[in-house]
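Here's the structure, in structure tokens; my notes come after.
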């Protein structure tokens, strides 16, 4: 399976063009778009989401990860192998948390070159063809040379910030549930929030935090929108009182 | 074919995670997302849309239906068989209209249990795996025990309310076209509307009602947006003068 | 491969119903949605986008193209063959630029009739079944009779207007990059813009024009939104100073 993890938007032609390239190059491999609406141009929140969501896919999955504000600059282009999964994308921190948490990993600078490379859409011209080759069984060694990813030493292991807001207004953080005790309180948007197991455990309209289905701490309002009621946006900081 | 019918949003990771589970469990079965943007958390309008849209799919189709504000509570989890199609989802009224209109139907409480069940994403952990098993040929009897769905006696056979607003601003109602005579007039948003066969049968900018391609009464403005011009939203009531 | 090119919206049931029809009629053919959010009801900007994006697909691809404000009127229904690719859709100018740029082309009026044709959704009832038949190898001659598309003599070869705004706020025009010299300046939204090769070639916050990955002139702001900062919308005119 090839999984798309991008900030292209659910609109527009970009996901469709990527999918067409992948289906033409690796016709037997299903393509699934996991995220098309990552926070635009921000590799940092995306790095925490990728680490939380990728764990959930089988070994052998190839992720094409594109949050690439530096396209056209000289930032590198990577293949990452971590705990049996493969990742392809720009060298801008997107793989930092996956790499840090992996029990074993290797990284390659992509050396393969497409017949034509546009200045602004390396997803279609470089990363999708490389992902299709990996999905068809070509080795990373045949496509690049081993290297290290550019490190992001200032990024914490768990990020006390909002990294994504979903359709219901629930606000995901970059904190793993295992990093907090259930008795911990969070402060977000000027409110102090206690833990609950589920939405139905709190009264209608009450704000709370819980560990979501991918293991991340999420802030929600039962039958309401946490983003509006607590004025939360991607990048907003969270305080933890444990 | 497996059909997704949800309020997950076209954004975010939920449809992608569901699709990945389905493709891993039933690789030969195509997955199509019919609705990802049902009115969030509202099983009632979704029930009328499901009955109108499902008729249009072949026998053997498996629908995964998730509008589930009670996830994490003790609401039941159902398999429904109605007129040869299968449905999987929460027992909250979502299948009420499908069941009522079916010439024959059976209902099972799901007994199958996943290895791990998150508190907030039964779509991924319970309903998708059950749908994949049904699509692969397992029987409802092997996955659950026969029961009745929780009845919704207060819900009418045809719902005189807006149930969905599409991209063009057209407002679908829960009324079947066959429930109205072509001479009927509707009152919506303070305006009285006559019937027309098609958009091009009325002047540019005129509001009217018509029977849409799935048999539901829909309110529209030729080359305009009915939602804005008549101030319509999901849940708004319609009066019928026949 | 069958490619969807529509203004249906990424929301709602229309793309899902089309995909289901195509998968039922041509199960072995992958379906990719290229654009679902073309400017609603406007065949003219769509015609320039189609010509720019279709070039990029292999011969044999079948495009289902639906921007159809005249559905229900007596506008024609076409099959177009241009440079080895097939197109199906309404006769309202959508194929004008593809036809004009093709080294060879033929056009058929669709004669095939579906068992039932709704008044408002010819995409599902007429164009998708015809596309599936073409993808399975039926010939245009067996589905229609040769004709000419309704000409649009007033449409220029390159359109100096915004035709699409993407998720990042970048504004695509209907001008091919090859129609401008790199020294050309564009005036849009009251600002005069110079050319740059890539985003990273201009300072953060600077507006510029560049040739996008599909060969169209696009207006952008490095790490900003051109649509907001220059007040651009689909249909806004561009002036060229070369």
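Annotations for the structure displayed:
Residue numbering begins at 1 within each chain, and the chains themselves are lettered A, B and C in the order written.
Note that contacts are C-beta pairs under 8 Å (C-beta built on N, C-alpha and C of every residue); 3 or more make two chains touch, one makes a residue touch a chain.
Everything numeric in this text was worked out from a predicted model, so none of it was measured.
Note on connectivity: the fewest chain-to-chain touch steps from chain B to chain C number 1. Here the C-alpha atoms of chain A line up with those of chain B after a rotation of 120°, rounded in steps of 5. The centroid of the Cα atoms in chain A and the matching centroid in chain C are 31 Å apart. Under the contact definition stated at the top, the residues of chain B that touch 2 or more other chains are 10, 37.
Within the complex formed with chain A, the chain B residues making contact are 7-14, 16-17, 19-20, 23-24, 27, 37, 40-41, 69-73, 118-121, 124-125. The residues of chain A lying in touch with chain B in their complex are 1, 3, 10, 30, 32-37, 53, 56-58, 164, 166-168, 197-201, 210, 212-214, 223.
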